[in-house]
Structures are given as structure tokens and as C-alpha cells.
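Presented sequentially are two complexes of subunit A, the first with subunit B as partner and the second with subunit C.
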Partner chain A sequence: MSSIWQLIKKYQSLILVVVVWQLMALSGLFSEQLFPGIEKIAIVFLELLPTSDLWSNIGITLYRILAGFALAAIVGVPLGIAMSRSRTFDNIMQPIFTFGYPVPRVALYPIFVLIFGIGSGSKIFTIFLECIFPIVVNTYYGAKRVNILYIWSGQNMGADKRKLFWRVFLPGAMPSIFTGFRIALPIGVVIAVLTEMISSSNGIGYLLTYLSASLSQSQVLAVVVYISLIGYALDRLLLYVRNRFVYWS
Partner chain B sequence: MQNNSKKWFVLTSIGEILFFLLLWQVLSITSWFPTYVSSPVEIFSRIGEMFADGSIYPHVGISLYRTILGFLLVVLIGTVLGMLAGFFKPIGNFFDPLISFFNPIPKIALLPVFLVWFGVTDVTRILIIFTSAFFPCFIATLDGVRNINKLYLWSAENMGASKFKMLWRIILPAALPKIFDGWRVALALTFVMMFSSEMIGTSTGHGLGFMILNADSYGRVDIVLAGVFIIALLGFIFDRLLILLRNRVLWWSER
Partner chain C sequence: MTENEIAAGGSPLGKEKSAIKINKVRKVFTRNDEEIEAIKEVNLDIKEGEFVSVVGPSGCGKSTFLHIVGGFIDKTSGEVIVNGKEVNKPGPDRGMMFQESTLYPWLKVDRNVAWGLEVQKLPKKEIKERVEYFLKLVGLWEFKNNLPSELSGGMKQRVSLAKVLAFNPEVLLMDEPFGALDSQTREMMQAELQRIWSESRKSVLFVTHDIEEAVFLSDYVVVLSKRPSTVKEVIKIDLPRPREISIRKSYDFVDYRNKIWDLLHEEQNVKQLRGV
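On to the complex of A and B.
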């Protein structure tokens, strides 16, 4: 009994949001089309669940997110490490990341549509461009801050350069590389949905704008829930991978 | 030494920018680039024209108004709530589940919802800017306040400081480096969301995103690129201003 009370107390704010939402919906101040109750959203959510429409669009969006993110990781991590290791390379690349960081790169999306077409290419490239910055910056600082004592001890124990890199240096930088990943992945989700909303013929963002044209808020909100679940699931997945591979931190 | 490396950094930066522009120009002239991608000379002359005949000012003005208003709301509400939630335990406990529930939602997905509720108005745009940028600001502030060295708080308490005085004189300065980090992330997001909210669901009006969308539908790539360049420049200038402010206010904290 007291444990239920504890739970209610812990999640009081969420319960409050639900109650206020339901009261607003029931009050009849807004039309049901505009302000559906949570049970309505849940029904639409379940209705959408078995449709192939939903899953094919989710699949396309997931493909774009993961492709863009993977490209950013494959290019970004070696780039960040190279910048941390070589002074000249650092001097050459640093301005790009200092000046490029605050610039909203997604604004280039219309140009990418011209170059890569309206399909997945333009979206993947925009996602890549947005994701690579946090990955490079975090990899760079992580690699710079690898405890020098570890490197010294490794050298002392007779590790050659290659072994030192793979066994000491890279694992030392790994936690902050994953920090970069965790910042980049949600950005990838946002950019995927955003670019699909701007111009697309498929994907979950397209589905969202398509349904919103029907002015039925319960459908739109149900898709918002699906999008949130995608973001949440991807973050959990990354966390799982991190805990598998970077178990020491 | 410090000064010298800074000078060197600025020089290489300028050199690189000039190099890229030159490369781009050469590629355009020799038609290595697709012809519809304008050359830098075209883009800059377009920007010059737009500033000369004044047609750019309404777009820049309205976009900046939305960005700044959204950002100030985030700074005000996000920082104050973050500090209160960090300092007073019950408030923190109240907000924790809300944050962990709403933070993972890609806020851009809420844009169609807001569009239906508030129409194609500035309320929608500023609201989407606010909901996107609020979370990094709030979380950074909360984090900063919760990680303050407890000794500071104990000594302040011991010396008889009131709650308000502790918030203002100890917690705010001690958490400020973290808070500035949050502001910087929020600022970058503000610009992204300004652009997106103007691109989606606008039919008529002003704003840089709208200008880009409009030019894009007419196939005027030079205007699109000019708009992108201006957004990039504004994003950069405001980031620098924030860093300048940080260095003035936080002279005691190393970068």
C-alpha cells in the first residue's frame, strides 16, 4: 500500500499532466478534433500498430537515421583522433569545427535536395553533417584527455605503437566517444523527421505532415508518440552497446 | 605565446575560408560543379544587392525577433526553473520524471500539433523554439547546481545566509560555467528551429527560412545560398557574442 503511494508521489508531475490534459479534453472548451483525450490517442495508436503504412515509413526513417549516423561515426571518430594526435592536422581542421559548430547546417538541406534528389540521399547527408560535429568534438577532447600515466605505463611495459593505440589509447578515449554518439543520435532523429517534413514522399515525418493535413489531432499525436518511441529505443540501444563494450566506465 | 597561437588560428581560419571560396569559384567557372549551384561571386553579389535595396531587412528582422525572443524565454524560464529544481529537493523531485519523459521526444514532431492549435503564427514558431531549446538549458542548469561543492553551501549556511542570498551569491556563480554550456547548446538549437519552423507550414510572410523556401520553389539557388549564408553568419555571430559575454562574466573560470 505504501509502495503504491510512494510511486504516486514520485510520478506526481506526470500524473498531474495527464489529469490536466484529460480535464481540458473533457471540459468541452475545445473541439474534440483539436484536443482529443488521451484514451482517443491511445485508440489511434493501437489502430496504427498493425498497419504496413506505419512500419514501412518507420523502416525508411530508421534506415536514414542509422545510415547518416554510421557515416558520421565512421568519418568522425578517426578524424577526431587524427586531430588529437597531429598538431598540423589539428591546426588545419580546428577552424572548420570552431566556425562550423554554431552554424545551422540543416539550412543547406534545400541545396542537398537539388544535388542528391528528394530521396534518402539528401536526408542521409544532412543527418551526417549534423551528427559529425558532436562526434568529432567529443572524440577530440576525449583523446586529448587520455591519462598520460596509462600511456607511459604502456610504453614502459614494452607495448609497441600499434598495441599502445588499440589497447590503451582507444579504450581510454572510448567513454567520451560514446558521449559524442549519445549527443549525435537524437540530433539524427530530429533531422530525419525534420527533413522528411520539409520535403519527402515517405518516412515517419512525411506520415506526420500527411496526417496533420486531415486536422485530426489524435492521429498526429499518436504518430508523435511513435516518433518519441523511436528516439527512446535508439538511445536505449546505444546505451546497451556502450555498456557491452565500455563496461569499465 | 598565447596571443601568438591565437593570431595564427585566426590567420589559418581566414586562409581556409578564402581557399574554399576560391576552389568553389574555380569549380563553378570550369563547370565541374553542376551549373545550378551558384558560384560564390554570384552569391555575394546577390547578398550585396539584397542589402542595398533593403529587401533582406524584413526577413532578417523577423527571424531575429523570433530567435531572440525564443532564446530569452529559454534562458529566463529554463535557468530559473533549473536552479530552483536543483536547490529545492521537492521541486527537483517534481521535475525529474517530467524531464526524463519529455526530453527524448523530438520536439520538431510537435510542430504540426502546434500548427493546428495556434495556426501559422509567431506563437507556434516561438513555442517550438522554446520547447526544443528549453531542455538542454534546464538540464545543464540542474546538473550545474546539483554538482556544486557542498562545502560552499554548508559554509554559507553556517554564516547565516538566507535561501535567496545563497541562490544569488553562491549557487548562481558556482553553476554559471555549466549554465553557459547549456545556453550555448540552446542557442544553436534556437537557430535550427527558427529555420525549420519557417520552412514548414508557412505560406506567406517574412523570415529567412521562408525566403529560402520561396527561392527554392522558383529555382533561385543563388538566393537560397545567400539565405543559408546569412543564417550561418547570424548563428556564428550570436555564438561569438555569447562566448564574449561568458568571458566577461566568468573571468575567473578557465575555458
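On to the complex of A and C.
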């Protein structure tokens, strides 16, 4: 009983949105096409659930998100660390990150379509470009802020450079690295959907555009709910991995 | 007569081997083109097996001084000679206990204590024994599986103490190691440190702001002036050993305490006046 109450309390803002939505839908002020009731959205949601259409498109989108994100992590973490440790390298790379950060990389997507084609390549590359910025920047500052006393203490006990790096420096920077990941991953989701909406023949973003052409808001909204669930699930997964890796904070 | 001559002259044999010799060490920090002279000139000569405390007004450069002896930061000029060799880098010959906790937050307590021993590639069995012995000594053996974040500030200091003692360096450098402890635990730890020191006869350079602690533990108490610091006076503590806790009530003890208190307050008054 009390656990249900706690659940309600935890998600009260979400529940409020749903309730307000439903009241608006019931008020009759808007056409049902534009403002379908929650139950209508739920029905479409359930109708979509068993379709292979939905799952194959979700699969494709997930693949793009994870590939772009993984590439960004694989390149971004070493890059951020290298920049934090070498002044020369920092000086070389810094302008890219100061000037490139506010640039909407996704605006270059049409060019990437020309280069990589309309398939997954252009989308993965755009996701990669969007994700790598927060990963590099957070890794960089995290690495810079590793407590110098941890390094000194390691040196004091005779640890060589290699040991200091793997056993002191890297764990010390790990919390910030994961902060970067957690900022990057939802961006990856958004960019995947967005690029699929702009030009694609598959993926959940494509499905969204396709259904919106039928002017049925409930279908569009049901897909939006699916996208939100994907985003939520991915964040939970990352949080789980983070808590395994960075169990101390 | 320089301070190190005073220290050497005060030593009972006079020609014992030096463990740590500090010659004209000076330190100027540069930050944003501004120069901060932390240490003007410090000379010291610590003989093998001596326990020497450093007291001084806060911000006078005590930590900076220990970091220089530890080889963690560069000195602007001067020499630090440990066991006959000039040192510029950190090394396992000088075990440092920092003012702040340097326990790795990602390692459990026992793994933290074992860390340096693993780096030194000691046999597994010996590491285990030493970790257990020293964690029991500081009364935290039952916390061996906890993370540092689960300990209080005082408990962390005790683990750090266990860590540096388990590491067993020739020279101990300690920066206010008991600062975060309540007075009872602190007295207990002081007594333990005295016992360990008298059994192992390590050379100890010990920074504290607690005058009684300095008198209780030390052969010599070095009083630093306010920043930029110089050695204001070196006081030989001629109290019999082993010292019981009750020695704090003795006339001689109180006399030393008052003398150092006066010296420190001369410094602090000047500082306060300048601050107004």
C-alpha cells in the first residue's frame, strides 16, 4: 500500500501531465484528431506492440544510437585524456572544441547523407559527432580535476607512470567520464530520431513521419511514447553500468 | 649560529648520522604572475631515529615544507638530503601522510592499506599480515571491507596512518595526522605512535598545530615564524621516555608547552595586527 503511494509520489509530475492532458481531451475544446484522449493513445500503443514493423524499426534505431555512441566513447575518452595530459595536444585541439561546441553538428547532416548515403552511415556519423563533444569535454575536465594528492600518494609508494595511469588517474577520472556518457546518450537518441525523420526509409523516426502523414495524432503520440521508453531504458542501462564501474560515488 | 647547528648541538651524541638535512630551502609560488613567498629559509638537521615536530601559524608553509621534503613539489632553492642523498622526487624511502585523506575512494579500506605494498611487490602473505596488523592497531579491522566514503574523517585518518605504517618507510613525514580526531582518540593514537616509533626508531618529521601533541611526541620542536617562514626556534624536549599520558600534567611539560605557546603567539599577534 505504502509502496504504491511512494510510486505515485515519485511520478506525481508525470501523472499530473497525463491528468491535465486527459482533461483537455475531454473538455471538447479541441478536435479529437489533434487532442486524442489517453485511452486512444493507449489503444494504438497496444496495437503497435505486437507488430514486427515497430520492432524492426526500433532495432534499426537502437543499432544507430549505440554504434554512434560507442564510436564517440571509443574516440572521445582517449582524446579527452590526451588533451588533459599534453599541453601541445590541448592547444591543437582546444579551438575545435571551443568553437565547435555551440555549432549544431546535426545541421551538417545533409552533407553526411551525400557522403555516407541515406542508410545508417550518415546517421551514425551525425550521432557520433553530437555525442563526442560532451564526452571529450567531461573527460577532459574530469581528468584535469583528478586530486593531485592521489597521484602524489601513488608516487610516494613507488608506483611507475603506467600504474599511476591505470590504477590512480583513470579511476579518478571515471565519474566525470560517465557524466559525459550520460549527457551524450539522450542526445544520441534525439539525433537518431531526428535524422531518421529528415531522410530515411527505416527506423523509429521514419515510422513517426510515416504515421504523421496519416494525420492521426494518436499514432504519432504512441510512437513518441515508444521513443521516450527507449530513451529511458537506455539511460537506466547506462546508469546500471555506471554504478558497476563507479560504485564508490 | 644557524638553527641546524642548534639542533645538532642539542643532540646527545652530536655526531649521529643525519636522516634528513634541510639546507637553505626556499619556496616561492607563482600564481597568475603573482609571487607568493611561502618559505623564506629553513635549515634543519634531523638525526636518525629522531622525532621532530614542526609547529607554526596556519598558512606559514608547513604543508609546503613537507611536500618539498617528500619531493612532490619543487623548491625554489636549497637542498633536501635524505640518508645522504639529495632528493628531488617522491620515493618510497619517505612515507608521507598527507593532511587530507589520500585514500583511494574506489578501494575498500584493506585494499587501500595494501596498495603500496602491492606496488612494492611484497609477498601476498606478508601483505595480508601487515594489513591486518595495522588495521587492528588503529582499531578499524572490522571496517576492512568498507569504502572510505563510509568512514568519518577521523576514521579515514586512522586508516591513512595504518597505510603509511604498514608501508614501513625509513622516514615518516606526517602532516597533521591527528587533526580530525576527537581528543580521546587523538591521545590514544599519539601513545600508539610513540610506541611504534620507539620500537622501530624511525626518523619522523611531524607537522601539527597542537602544541601538547608536539611536546608529548618529540625530541625537538621546530617553531616556524609566520609566512614567509623561517625557523624561529628549535626546542629540545628533554622529557624522559617512554612518556605516559600523565606527563602532560608535569611541571616540565607545561613549561615546554607555555614556552612554545608564547613563541607562537608572538607570531600570531603580529599577524593579527597586520590584518587589521
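We adopt the following convention: the second predicted complex is superposed on the first by the 233 of 249 C-alpha atoms of A that agree within 3 Å, B and C clash if a C-alpha of one lies under 4 Å from a C-alpha of the other, contacts with A are read in each partner's own complex, and residues count from 1 in each chain.
In this section, a residue touches a chain if its C-beta (ideal position, glycine included) is under 8 Å from a C-beta of that chain, and two chains touch if they have at least 3 such contacts.
Quick caveat, the model's predicted, so the values are computed rather than measured.
Visitor: Answer with first, second, both or neither: which of subunit B and subunit C does A:190 touch in the superposed model?
Guide: After superposing on A, A:190 lies in contact with subunit B but is clear of subunit C.
Visitor: Quick one: classify A:50 as touching subunit B (first), subunit C (second), both or neither.
Guide: Neither partner.
Visitor: Looking at the overlay, does A:152 come into contact with subunit B only (first), subunit C only (second), both, or neither?
Guide: A:152 sits against subunit C, while subunit B stays out of touch.
Visitor: Now for A:11: first (subunit B), second (subunit C), both, or neither, which partner does it touch?
Guide: Touch partner of A:11: subunit B, not subunit C.
Visitor: Touching A:28, do we find subunit B (first), subunit C (second), both, or neither?
Guide: In the superposed model, A:28 contacts neither subunit B nor subunit C.
Visitor: Quick check for you: in the superposed arrangement, does A:215 touch first (subunit B), second (subunit C), both or neither?
Guide: A:215: touches subunit B, not subunit C.
Visitor: Subunit A touches which residues of subunit B in the complex?
Guide: 8-9, 12-13, 16-17, 34, 36-37, 93-95, 97-98, 101, 104-113, 115-117, 184, 187-188, 191-192, 195-196, 199-200, 209, 212-213, 216, 221, 224-225, 227-228, 231-232, 235-236, 238-239
Visitor: For the complex, give me every residue of subunit A touching subunit C.
Guide: 147, 149-150, 152-159, 163, 168, 171, 174, 246-249
Visitor: Which residues of subunit A touch subunit B in the complex?
Guide: 10-14, 17, 34, 91-92, 94-96, 98-99, 101-104, 106-108, 110-111, 113-115, 186, 189-190, 193-194, 197-198, 205, 208-209, 211-212, 215, 217, 220-221, 223-224, 227-228, 231-232, 235
Visitor: Inside the complex, what are the residues of subunit C that reach subunit A?
Guide: Listed in rising order, the residues of subunit C that touch subunit A are 67, 70, 72, 89-92, 94-96, 98, 100, 102, 104-106, 115-116, 119-120, 147-149, 167.
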